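Notes follow the structure.
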(Lines give C-alpha, C1' and ligand atoms only; values in the text may rest on other atoms or scores of the structure.)
Protein backbone atom coordinates (compact mmCIF):
# COMPACT_ATOMS: atom_id res chain seq x y z
CA UNK A 1 0.00 0.00 0.00
CA UNK A 2 1.50 3.32 -0.98
CA UNK A 3 1.95 5.96 1.68
CA UNK A 4 2.52 9.63 1.16
CA UNK A 5 5.33 11.60 2.69
CA UNK A 6 4.37 14.33 5.11
CA UNK A 7 5.29 17.05 2.66
CA UNK A 8 2.79 15.75 0.17
CA UNK A 9 2.64 12.72 -1.98
CA UNK A 10 5.12 11.81 -4.61
CA UNK A 11 3.65 13.02 -7.87
CA UNK A 12 5.43 10.30 -9.76
CA UNK A 13 3.28 7.75 -7.98
CA UNK A 14 0.00 7.51 -9.74
CA UNK A 15 -1.95 6.09 -6.82
CA UNK A 16 -3.98 8.74 -4.99
CA UNK A 17 -2.77 9.66 -1.52
CA UNK A 18 -4.25 7.35 1.11
CA UNK A 19 -6.06 9.34 3.72
CA UNK A 20 -7.05 8.36 7.22
CA UNK A 21 -10.00 9.59 9.24
CA UNK A 22 -9.26 9.84 12.91
CA UNK A 23 -11.23 10.93 15.94
CA UNK A 24 -9.61 13.61 18.08
CA UNK A 25 -10.51 14.35 21.69
CA UNK A 26 -9.79 17.43 23.78
CA UNK A 27 -9.90 17.74 27.54
CA UNK A 28 -9.53 20.40 30.19
CA UNK A 29 -7.90 23.60 29.04
CA UNK A 30 -7.43 22.31 25.51
CA UNK A 31 -11.14 21.71 25.13
CA UNK A 32 -11.76 25.31 26.15
CA UNK A 33 -9.22 26.61 23.62
CA UNK A 34 -10.37 24.49 20.71
CA UNK A 35 -13.98 25.02 21.66
CA UNK A 36 -14.99 21.40 21.28
CA UNK A 37 -14.51 18.08 23.01
CA UNK A 38 -14.39 15.95 19.90
CA UNK A 39 -13.41 16.27 16.29
CA UNK A 40 -13.15 14.01 13.28
CA UNK A 41 -10.43 14.84 10.80
CA UNK A 42 -8.86 13.51 7.65
CA UNK A 43 -5.10 13.39 7.36
CA UNK A 44 -2.52 11.53 5.27
CA UNK A 45 -2.47 7.91 6.28
CA UNK A 46 0.53 7.25 8.51
CA UNK A 47 0.99 10.86 9.52
CA UNK A 48 2.31 11.09 13.08
CA UNK A 49 0.37 12.49 16.00
CA UNK A 50 2.73 15.48 15.95
CA UNK A 51 1.44 16.38 12.48
CA UNK A 52 -2.14 16.40 13.74
CA UNK A 53 -1.26 18.61 16.69
CA UNK A 54 0.55 21.08 14.42
CA UNK A 55 -2.60 21.45 12.40
CA UNK A 56 -4.61 22.39 15.48
CA UNK A 57 -1.79 24.65 16.54
CA UNK A 58 -2.07 26.49 13.22
CA UNK A 59 -5.80 26.99 13.72
CA UNK A 60 -5.50 27.83 17.45
CA UNK A 61 -2.13 29.47 18.16
CA UNK A 62 -2.95 29.50 21.91
CA UNK A 63 -2.43 25.74 21.82
CA UNK A 64 1.23 25.88 20.91
CA UNK A 65 2.60 26.88 24.34
CA UNK A 66 0.95 23.79 25.82
CA UNK A 67 2.75 21.38 23.53
CA UNK A 68 5.64 20.73 25.95
CA UNK A 69 3.32 19.79 28.81
CA UNK A 70 1.06 17.49 26.80
CA UNK A 71 1.17 13.77 26.40
CA UNK A 72 -0.51 12.14 23.43
CA UNK A 73 -2.60 9.02 23.32
CA UNK A 74 -3.70 6.75 20.51
CA UNK A 75 -6.54 4.32 21.09
CA UNK A 76 -6.53 4.90 24.85
CA UNK A 77 -2.84 4.21 25.24
CA UNK A 78 -0.13 6.76 25.85
CA UNK A 79 1.67 7.17 22.53
CA UNK A 80 4.84 8.80 21.26
CA UNK A 81 4.29 11.95 19.19
CA UNK A 82 5.89 10.10 16.29
CA UNK A 83 3.21 7.38 16.33
CA UNK A 84 1.68 7.08 12.83
CA UNK A 85 -2.08 7.41 12.56
CA UNK A 86 -4.47 5.32 10.53
CA UNK A 87 -8.18 5.32 9.85
CA UNK A 88 -10.31 4.62 12.89
CA UNK A 89 -7.69 5.75 15.37
CA UNK A 90 -8.76 7.77 18.37
CA UNK A 91 -6.23 10.42 19.35
CA UNK A 92 -6.15 12.66 22.40
CA UNK A 93 -3.86 15.40 23.64
CA UNK A 94 -3.70 15.05 27.38
CA UNK A 95 -2.85 17.91 29.70
CA UNK A 96 -1.06 17.00 32.95
CA UNK A 97 -3.52 14.83 34.83
CA UNK A 98 -4.97 16.02 38.14
CA UNK A 99 -7.36 13.33 39.26
CA UNK A 100 -7.52 11.91 42.76
CA UNK B 1 14.31 6.72 105.96
CA UNK B 2 15.93 3.37 106.64
CA UNK B 3 15.70 0.73 103.95
CA UNK B 4 16.36 -2.96 104.39
CA UNK B 5 18.66 -4.97 102.22
CA UNK B 6 17.01 -7.66 100.14
CA UNK B 7 18.42 -10.41 102.34
CA UNK B 8 16.65 -9.05 105.38
CA UNK B 9 17.07 -6.04 107.54
CA UNK B 10 20.12 -5.15 109.51
CA UNK B 11 19.44 -6.25 113.04
CA UNK B 12 21.68 -3.49 114.39
CA UNK B 13 19.23 -0.94 113.15
CA UNK B 14 16.44 -0.64 115.64
CA UNK B 15 13.88 0.69 113.15
CA UNK B 16 11.58 -1.99 111.84
CA UNK B 17 11.98 -2.92 108.17
CA UNK B 18 9.93 -0.63 105.94
CA UNK B 19 7.52 -2.62 103.88
CA UNK B 20 5.66 -1.64 100.77
CA UNK B 21 2.27 -2.88 99.61
CA UNK B 22 2.01 -3.12 95.84
CA UNK B 23 -0.69 -4.21 93.45
CA UNK B 24 0.30 -6.90 90.95
CA UNK B 25 -1.53 -7.65 87.72
CA UNK B 26 -1.40 -10.75 85.55
CA UNK B 27 -2.51 -11.08 81.95
CA UNK B 28 -2.86 -13.74 79.30
CA UNK B 29 -0.98 -16.94 79.97
CA UNK B 30 0.41 -15.64 83.25
CA UNK B 31 -3.05 -15.03 84.60
CA UNK B 32 -3.92 -18.64 83.80
CA UNK B 33 -0.80 -19.92 85.55
CA UNK B 34 -1.14 -17.79 88.67
CA UNK B 35 -4.88 -18.33 88.72
CA UNK B 36 -5.76 -14.72 89.38
CA UNK B 37 -5.74 -11.40 87.55
CA UNK B 38 -4.80 -9.25 90.51
CA UNK B 39 -2.90 -9.56 93.73
CA UNK B 40 -1.85 -7.28 96.57
CA UNK B 41 1.44 -8.10 98.23
CA UNK B 42 3.79 -6.79 100.84
CA UNK B 43 7.48 -6.67 100.13
CA UNK B 44 10.53 -4.81 101.43
CA UNK B 45 10.31 -1.18 100.41
CA UNK B 46 12.63 -0.54 97.49
CA UNK B 47 12.80 -4.16 96.38
CA UNK B 48 13.13 -4.38 92.61
CA UNK B 49 10.49 -5.78 90.30
CA UNK B 50 12.76 -8.78 89.76
CA UNK B 51 12.42 -9.68 93.44
CA UNK B 52 8.64 -9.69 93.17
CA UNK B 53 8.71 -11.91 90.11
CA UNK B 54 11.07 -14.39 91.80
CA UNK B 55 8.57 -14.73 94.61
CA UNK B 56 5.81 -15.66 92.19
CA UNK B 57 8.26 -17.95 90.41
CA UNK B 58 8.86 -19.78 93.70
CA UNK B 59 5.15 -20.28 94.21
CA UNK B 60 4.44 -21.13 90.54
CA UNK B 61 7.48 -22.78 88.96
CA UNK B 62 5.70 -22.82 85.54
CA UNK B 63 6.20 -19.04 85.49
CA UNK B 64 9.98 -19.18 85.38
CA UNK B 65 10.40 -20.21 81.71
CA UNK B 66 8.41 -17.12 80.72
CA UNK B 67 10.75 -14.70 82.42
CA UNK B 68 12.89 -14.09 79.31
CA UNK B 69 9.89 -13.13 77.20
CA UNK B 70 8.25 -10.82 79.72
CA UNK B 71 8.45 -7.09 80.06
CA UNK B 72 7.62 -5.45 83.36
CA UNK B 73 5.65 -2.32 84.01
CA UNK B 74 5.35 -0.05 87.01
CA UNK B 75 2.44 2.37 87.22
CA UNK B 76 1.46 1.78 83.60
CA UNK B 77 4.91 2.47 82.22
CA UNK B 78 7.38 -0.10 80.93
CA UNK B 79 9.99 -0.48 83.64
CA UNK B 80 13.38 -2.13 84.01
CA UNK B 81 13.39 -5.27 86.19
CA UNK B 82 15.71 -3.41 88.52
CA UNK B 83 13.12 -0.69 89.21
CA UNK B 84 12.57 -0.37 92.99
CA UNK B 85 9.02 -0.67 94.25
CA UNK B 86 7.26 1.42 96.81
CA UNK B 87 3.87 1.42 98.49
CA UNK B 88 1.01 2.10 96.14
CA UNK B 89 2.87 0.97 93.03
CA UNK B 90 1.04 -1.07 90.43
CA UNK B 91 3.22 -3.72 88.82
CA UNK B 92 2.46 -5.97 85.88
CA UNK B 93 4.35 -8.73 84.09
CA UNK B 94 3.51 -8.38 80.43
CA UNK B 95 3.71 -11.26 77.97
CA UNK B 96 4.57 -10.37 74.37
CA UNK B 97 1.69 -8.19 73.19
CA UNK B 98 -0.58 -9.38 70.40
CA UNK B 99 -3.19 -6.68 69.93
CA UNK B 100 -4.25 -5.26 66.60
CA UNK C 1 -8.64 -22.04 23.28
CA UNK C 2 -7.81 -21.84 26.96
CA UNK C 3 -10.61 -20.91 29.32
CA UNK C 4 -10.25 -17.36 30.50
CA UNK C 5 -9.40 -17.14 34.18
CA UNK C 6 -12.38 -15.80 36.09
CA UNK C 7 -11.74 -12.11 36.62
CA UNK C 8 -10.93 -10.96 40.13
CA UNK C 9 -14.05 -9.32 41.46
CA UNK C 10 -12.26 -6.02 41.94
CA UNK C 11 -14.51 -2.98 41.90
CA UNK C 12 -13.18 -0.43 39.39
CA UNK C 13 -15.45 2.41 38.37
CA UNK C 14 -16.00 6.02 37.40
CA UNK C 15 -19.19 7.35 38.94
CA UNK C 16 -21.26 10.51 38.94
CA UNK C 17 -23.11 9.98 42.21
CA UNK C 18 -21.62 10.42 45.67
CA UNK C 19 -19.23 7.64 46.62
CA UNK C 20 -20.55 5.10 49.14
CA UNK C 21 -17.53 4.25 51.27
CA UNK C 22 -19.31 1.53 53.20
CA UNK C 23 -20.43 -0.59 50.28
CA UNK C 24 -17.09 -0.22 48.52
CA UNK C 25 -15.18 -1.26 51.62
CA UNK C 26 -17.52 -4.20 52.17
CA UNK C 27 -16.88 -5.24 48.58
CA UNK C 28 -13.21 -5.99 49.24
CA UNK C 29 -13.53 -7.32 52.79
CA UNK C 30 -13.76 -11.10 53.27
CA UNK C 31 -13.37 -13.66 56.04
CA UNK C 32 -9.89 -14.56 54.83
CA UNK C 33 -8.62 -10.97 55.22
CA UNK C 34 -6.78 -9.63 58.22
CA UNK C 35 -6.40 -6.07 56.95
CA UNK C 36 -8.29 -3.52 54.92
CA UNK C 37 -6.64 -0.20 54.14
CA UNK C 38 -8.63 2.59 52.55
CA UNK C 39 -7.75 5.95 51.04
CA UNK C 40 -10.40 8.64 50.85
CA UNK C 41 -9.45 11.62 48.70
CA UNK C 42 -11.68 14.52 49.68
CA UNK C 43 -12.31 18.01 48.33
CA UNK C 44 -10.45 20.45 50.59
CA UNK C 45 -11.91 23.83 51.41
CA UNK C 46 -8.70 25.49 50.29
CA UNK C 47 -5.97 25.12 47.71
CA UNK C 48 -2.70 27.03 47.72
CA UNK C 49 -4.05 29.61 50.11
CA UNK C 50 -7.32 30.31 48.30
CA UNK C 51 -10.76 29.31 49.50
CA UNK C 52 -12.27 26.68 47.23
CA UNK C 53 -15.97 26.73 46.33
CA UNK C 54 -16.26 23.44 44.48
CA UNK C 55 -14.49 21.33 41.86
CA UNK C 56 -15.41 19.94 38.48
CA UNK C 57 -13.80 16.66 37.51
CA UNK C 58 -13.72 15.42 33.95
CA UNK C 59 -12.11 12.34 32.47
CA UNK C 60 -11.19 10.70 29.23
CA UNK C 61 -13.53 8.02 30.46
CA UNK C 62 -12.65 4.97 28.35
CA UNK C 63 -8.95 5.51 28.82
CA UNK C 64 -9.27 6.41 32.51
CA UNK C 65 -11.10 3.18 33.19
CA UNK C 66 -8.52 1.21 31.21
CA UNK C 67 -5.71 2.83 33.23
CA UNK C 68 -7.51 2.11 36.50
CA UNK C 69 -7.84 -1.53 35.45
CA UNK C 70 -4.11 -1.57 34.69
CA UNK C 71 -3.40 -0.27 38.19
CA UNK C 72 -5.50 -3.05 39.70
CA UNK C 73 -3.62 -5.63 37.65
CA UNK C 74 -0.32 -4.18 38.80
CA UNK C 75 -1.43 -4.36 42.43
CA UNK C 76 -2.21 -8.06 42.12
CA UNK C 77 1.19 -8.64 40.50
CA UNK C 78 3.22 -6.61 42.96
CA UNK C 79 1.54 -7.22 46.32
CA UNK C 80 -0.01 -10.26 48.05
CA UNK C 81 -3.43 -8.64 48.27
CA UNK C 82 -6.90 -10.12 48.05
CA UNK C 83 -9.16 -7.52 46.42
CA UNK C 84 -9.02 -3.88 45.41
CA UNK C 85 -11.65 -1.24 44.78
CA UNK C 86 -10.82 2.00 42.98
CA UNK C 87 -13.72 4.37 42.42
CA UNK C 88 -13.33 7.90 41.06
CA UNK C 89 -16.15 10.38 40.92
CA UNK C 90 -16.66 12.84 38.05
CA UNK C 91 -18.70 16.01 37.69
CA UNK C 92 -19.21 18.73 40.27
CA UNK C 93 -17.99 17.99 43.79
CA UNK C 94 -18.61 20.09 46.88
CA UNK C 95 -16.21 20.65 49.78
CA UNK C 96 -15.79 17.51 51.87
CA UNK C 97 -17.05 15.15 49.18
CA UNK C 98 -14.96 12.20 48.13
CA UNK C 99 -13.35 12.40 44.71
CA UNK C 100 -11.58 9.06 44.84
CA UNK C 101 -11.89 6.09 47.16
CA UNK C 102 -9.53 3.13 47.21
CA UNK C 103 -9.89 0.04 49.39
CA UNK C 104 -7.48 -2.89 49.48
CA UNK C 105 -7.83 -6.11 51.46
CA UNK C 106 -5.08 -8.56 52.30
CA UNK C 107 -4.16 -11.26 54.75
CA UNK C 108 -1.41 -9.16 56.37
CA UNK C 109 -1.25 -5.41 56.69
CA UNK C 110 1.93 -4.46 54.81
CA UNK C 111 0.49 -5.53 51.45
CA UNK C 112 -2.74 -3.58 51.95
CA UNK C 113 -0.88 -0.42 52.99
CA UNK C 114 1.66 -0.60 50.19
CA UNK C 115 -0.86 -1.47 47.51
CA UNK C 116 -3.26 1.28 48.55
CA UNK C 117 -0.49 3.85 48.47
CA UNK C 118 0.79 2.57 45.15
CA UNK C 119 -2.71 2.75 43.71
CA UNK C 120 -3.35 6.39 44.54
CA UNK C 121 0.19 7.49 43.63
CA UNK C 122 -0.09 5.76 40.25
CA UNK C 123 -3.62 7.01 39.65
CA UNK C 124 -2.47 10.57 40.18
CA UNK C 125 0.28 10.19 37.60
CA UNK C 126 -1.34 8.08 34.92
CA UNK C 127 -5.12 8.23 34.88
CA UNK C 128 -6.50 10.88 32.50
CA UNK C 129 -8.74 12.81 34.85
CA UNK C 130 -8.66 16.57 35.32
CA UNK C 131 -10.06 18.90 37.90
CA UNK C 132 -11.03 22.51 37.59
CA UNK C 133 -10.99 24.40 40.87
CA UNK C 134 -13.54 27.16 41.42
CA UNK C 135 -12.63 29.95 43.80
CA UNK C 136 -14.57 33.06 44.74
CA UNK C 137 -12.46 35.04 42.30
CA UNK C 138 -12.12 32.67 39.40
CA UNK C 139 -11.40 29.14 38.28
CA UNK C 140 -8.30 27.27 37.20
CA UNK C 141 -7.47 23.84 35.90
CA UNK C 142 -5.37 22.31 38.66
CA UNK C 143 -1.68 21.84 38.08
CA UNK C 144 -1.26 18.22 37.23
CA UNK C 145 1.33 15.58 36.65
CA UNK C 146 2.79 14.57 33.30
CA UNK C 147 1.98 10.93 32.61
CA UNK C 148 4.96 8.89 31.41
CA UNK C 149 4.89 8.86 27.63
CA UNK C 150 6.49 6.18 25.47
CA UNK C 151 9.87 7.24 24.08
CA UNK C 152 9.77 8.93 20.70
CA UNK C 153 10.94 6.90 17.75
CA UNK C 154 12.31 8.35 14.53
CA UNK C 155 9.72 10.19 12.52
CA UNK C 156 7.18 7.80 11.09
CA UNK C 157 8.89 5.62 8.56
CA UNK C 158 6.89 5.65 5.33
CA UNK C 159 6.51 2.15 4.02
CA UNK C 160 7.19 1.80 0.31
CA UNK D 1 -0.01 27.86 86.12
CA UNK D 2 -0.13 27.84 82.35
CA UNK D 3 -3.47 27.03 80.75
CA UNK D 4 -3.45 23.53 79.39
CA UNK D 5 -3.59 23.46 75.63
CA UNK D 6 -7.02 22.27 74.52
CA UNK D 7 -6.62 18.57 73.75
CA UNK D 8 -6.79 17.53 70.14
CA UNK D 9 -10.18 15.96 69.65
CA UNK D 10 -8.61 12.68 68.67
CA UNK D 11 -10.76 9.62 69.29
CA UNK D 12 -8.84 7.07 71.36
CA UNK D 13 -10.74 4.24 72.95
CA UNK D 14 -11.02 0.64 74.03
CA UNK D 15 -14.51 -0.70 73.39
CA UNK D 16 -16.50 -3.86 73.98
CA UNK D 17 -19.15 -3.32 71.31
CA UNK D 18 -18.64 -3.79 67.58
CA UNK D 19 -16.61 -1.00 66.03
CA UNK D 20 -18.53 1.52 63.94
CA UNK D 21 -16.19 2.37 61.08
CA UNK D 22 -18.41 5.09 59.70
CA UNK D 23 -18.73 7.22 62.81
CA UNK D 24 -15.03 6.85 63.62
CA UNK D 25 -14.02 7.88 60.11
CA UNK D 26 -16.42 10.83 60.21
CA UNK D 27 -14.85 11.87 63.48
CA UNK D 28 -11.48 12.62 61.88
CA UNK D 29 -12.73 13.95 58.54
CA UNK D 30 -13.08 17.72 58.17
CA UNK D 31 -13.44 20.30 55.40
CA UNK D 32 -9.76 21.19 55.61
CA UNK D 33 -8.65 17.61 54.88
CA UNK D 34 -7.68 16.25 51.51
CA UNK D 35 -6.99 12.70 52.61
CA UNK D 36 -8.27 10.15 55.08
CA UNK D 37 -6.46 6.83 55.41
CA UNK D 38 -7.96 4.04 57.47
CA UNK D 39 -6.72 0.69 58.68
CA UNK D 40 -9.21 -2.02 59.57
CA UNK D 41 -7.72 -5.00 61.39
CA UNK D 42 -10.15 -7.90 61.06
CA UNK D 43 -10.39 -11.37 62.54
CA UNK D 44 -9.21 -13.82 59.88
CA UNK D 45 -10.84 -17.22 59.46
CA UNK D 46 -7.44 -18.87 59.68
CA UNK D 47 -4.12 -18.49 61.45
CA UNK D 48 -0.97 -20.41 60.58
CA UNK D 49 -2.91 -23.01 58.64
CA UNK D 50 -5.58 -23.70 61.26
CA UNK D 51 -9.21 -22.68 61.00
CA UNK D 52 -10.06 -20.05 63.61
CA UNK D 53 -13.39 -20.11 65.48
CA UNK D 54 -13.18 -16.81 67.34
CA UNK D 55 -10.77 -14.68 69.37
CA UNK D 56 -10.74 -13.29 72.87
CA UNK D 57 -8.93 -10.00 73.37
CA UNK D 58 -7.90 -8.76 76.77
CA UNK D 59 -5.95 -5.67 77.76
CA UNK D 60 -4.19 -4.01 80.62
CA UNK D 61 -6.77 -1.34 80.07
CA UNK D 62 -5.37 1.70 81.86
CA UNK D 63 -1.91 1.16 80.41
CA UNK D 64 -3.22 0.25 76.95
CA UNK D 65 -5.16 3.49 76.77
CA UNK D 66 -2.14 5.45 77.99
CA UNK D 67 0.02 3.81 75.30
CA UNK D 68 -2.59 4.54 72.63
CA UNK D 69 -2.60 8.18 73.71
CA UNK D 70 1.19 8.21 73.45
CA UNK D 71 0.93 6.91 69.90
CA UNK D 72 -1.51 9.68 68.99
CA UNK D 73 0.87 12.27 70.47
CA UNK D 74 3.73 10.82 68.47
CA UNK D 75 1.69 10.99 65.27
CA UNK D 76 1.03 14.68 65.77
CA UNK D 77 4.73 15.28 66.43
CA UNK D 78 6.03 13.24 63.52
CA UNK D 79 3.52 13.85 60.73
CA UNK D 80 1.56 16.88 59.50
CA UNK D 81 -1.79 15.27 60.19
CA UNK D 82 -5.07 16.74 61.33
CA UNK D 83 -6.81 14.13 63.51
CA UNK D 84 -6.42 10.50 64.44
CA UNK D 85 -8.79 7.87 65.76
CA UNK D 86 -7.52 4.63 67.27
CA UNK D 87 -10.16 2.26 68.59
CA UNK D 88 -9.41 -1.26 69.80
CA UNK D 89 -12.10 -3.73 70.70
CA UNK D 90 -11.83 -6.19 73.61
CA UNK D 91 -13.70 -9.36 74.50
CA UNK D 92 -14.89 -12.07 72.16
CA UNK D 93 -14.64 -11.36 68.43
CA UNK D 94 -16.07 -13.45 65.63
CA UNK D 95 -14.53 -14.03 62.20
CA UNK D 96 -14.69 -10.89 60.07
CA UNK D 97 -15.19 -8.54 62.98
CA UNK D 98 -12.89 -5.56 63.44
CA UNK D 99 -10.42 -5.78 66.30
CA UNK D 100 -8.75 -2.43 65.69
CA UNK D 101 -9.66 0.54 63.53
CA UNK D 102 -7.41 3.50 62.86
CA UNK D 103 -8.33 6.59 60.85
CA UNK D 104 -6.04 9.52 60.12
CA UNK D 105 -6.89 12.73 58.30
CA UNK D 106 -4.47 15.19 56.75
CA UNK D 107 -4.23 17.90 54.16
CA UNK D 108 -2.03 15.79 51.85
CA UNK D 109 -1.97 12.04 51.51
CA UNK D 110 1.61 11.10 52.46
CA UNK D 111 1.12 12.15 56.08
CA UNK D 112 -2.13 10.21 56.47
CA UNK D 113 -0.61 7.05 54.97
CA UNK D 114 2.59 7.22 56.98
CA UNK D 115 0.88 8.09 60.24
CA UNK D 116 -1.72 5.35 59.88
CA UNK D 117 0.97 2.78 59.21
CA UNK D 118 3.11 4.06 62.07
CA UNK D 119 0.12 3.89 64.41
CA UNK D 120 -0.73 0.23 63.78
CA UNK D 121 2.92 -0.85 63.70
CA UNK D 122 3.56 0.87 67.02
CA UNK D 123 0.32 -0.38 68.56
CA UNK D 124 1.27 -3.94 67.73
CA UNK D 125 4.62 -3.55 69.49
CA UNK D 126 3.79 -1.43 72.50
CA UNK D 127 0.14 -1.59 73.57
CA UNK D 128 -0.55 -4.24 76.24
CA UNK D 129 -3.34 -6.17 74.55
CA UNK D 130 -3.38 -9.94 74.10
CA UNK D 131 -5.43 -12.26 72.01
CA UNK D 132 -6.28 -15.86 72.56
CA UNK D 133 -7.12 -17.77 69.41
CA UNK D 134 -9.72 -20.52 69.57
CA UNK D 135 -9.49 -23.33 67.02
CA UNK D 136 -11.60 -26.43 66.66
CA UNK D 137 -8.91 -28.42 68.44
CA UNK D 138 -7.80 -26.04 71.13
CA UNK D 139 -6.82 -22.50 72.02
CA UNK D 140 -3.54 -20.61 72.22
CA UNK D 141 -2.39 -17.21 73.26
CA UNK D 142 -1.12 -15.67 70.02
CA UNK D 143 2.59 -15.20 69.58
CA UNK D 144 3.20 -11.58 70.28
CA UNK D 145 5.86 -8.93 70.14
CA UNK D 146 8.16 -7.91 72.99
CA UNK D 147 7.59 -4.27 73.85
CA UNK D 148 10.78 -2.24 74.20
CA UNK D 149 11.74 -2.20 77.88
CA UNK D 150 13.84 0.48 79.51
CA UNK D 151 17.47 -0.60 79.98
CA UNK D 152 18.26 -2.26 83.30
CA UNK D 153 20.22 -0.26 85.80
CA UNK D 154 22.41 -1.73 88.53
CA UNK D 155 20.46 -3.58 91.17
CA UNK D 156 18.40 -1.22 93.27
CA UNK D 157 20.74 0.85 95.36
CA UNK D 158 19.53 0.82 98.96
CA UNK D 159 19.57 4.35 100.32
CA UNK D 160 21.10 4.68 103.77
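Here the chain labels run A, B, C and D in written order, and each chain numbers its own residues starting at 1.
Keep this in mind: a contact is a pair of C-beta atoms (placed from the backbone, for glycine too) under 8 Å apart; a residue touches a chain by one contact, two chains touch by 3 or more.
What you are looking at is a predicted structure, and each value in this text was computed from that prediction instead of being measured.
Enquirer: If we look at chain B and chain D, which chains touch each of them?
Expert: none
Enquirer: So how far apart, in whole Å, are chain C and chain D when each is placed at the average of its C-alpha atoms?
Expert: Computed value for the inter-centroid distance: 28 Å.
Enquirer: Where the CA atoms of chain A average out and where those of chain D average out, how many Å apart are those spots?
Expert: 54
Enquirer: Which residues belonging to chain D are in contact with no fewer than two other chains?
Expert: Expected reply: 41, 120.
Enquirer: For this entry, which pairs of chains touch?
Expert: After working through each pair, the chains in contact turn out to be A-C, B-D, C-D.
Enquirer: Residues of chain D touching chain B in their complex?
Expert: Those in contact with chain B are residues 41, 57-60, 62-64, 66, 88, 99-100, 120, 123-132, 141-156, 158-160.
Enquirer: Per the contact definition, I'd like the list of chain C residues that touch chain D in the complex.
Expert: Those in contact with chain D are residues 21-22, 25, 29-46, 95-96, 107, 109, 112-113, 116-117, 120.
Enquirer: Applying the document's contact rule, which stretches of chain B touch chain D when the two form their complex?
Expert: 1-5, 25, 27-29, 46-48, 69, 71-73, 76-84, 92, 94-100
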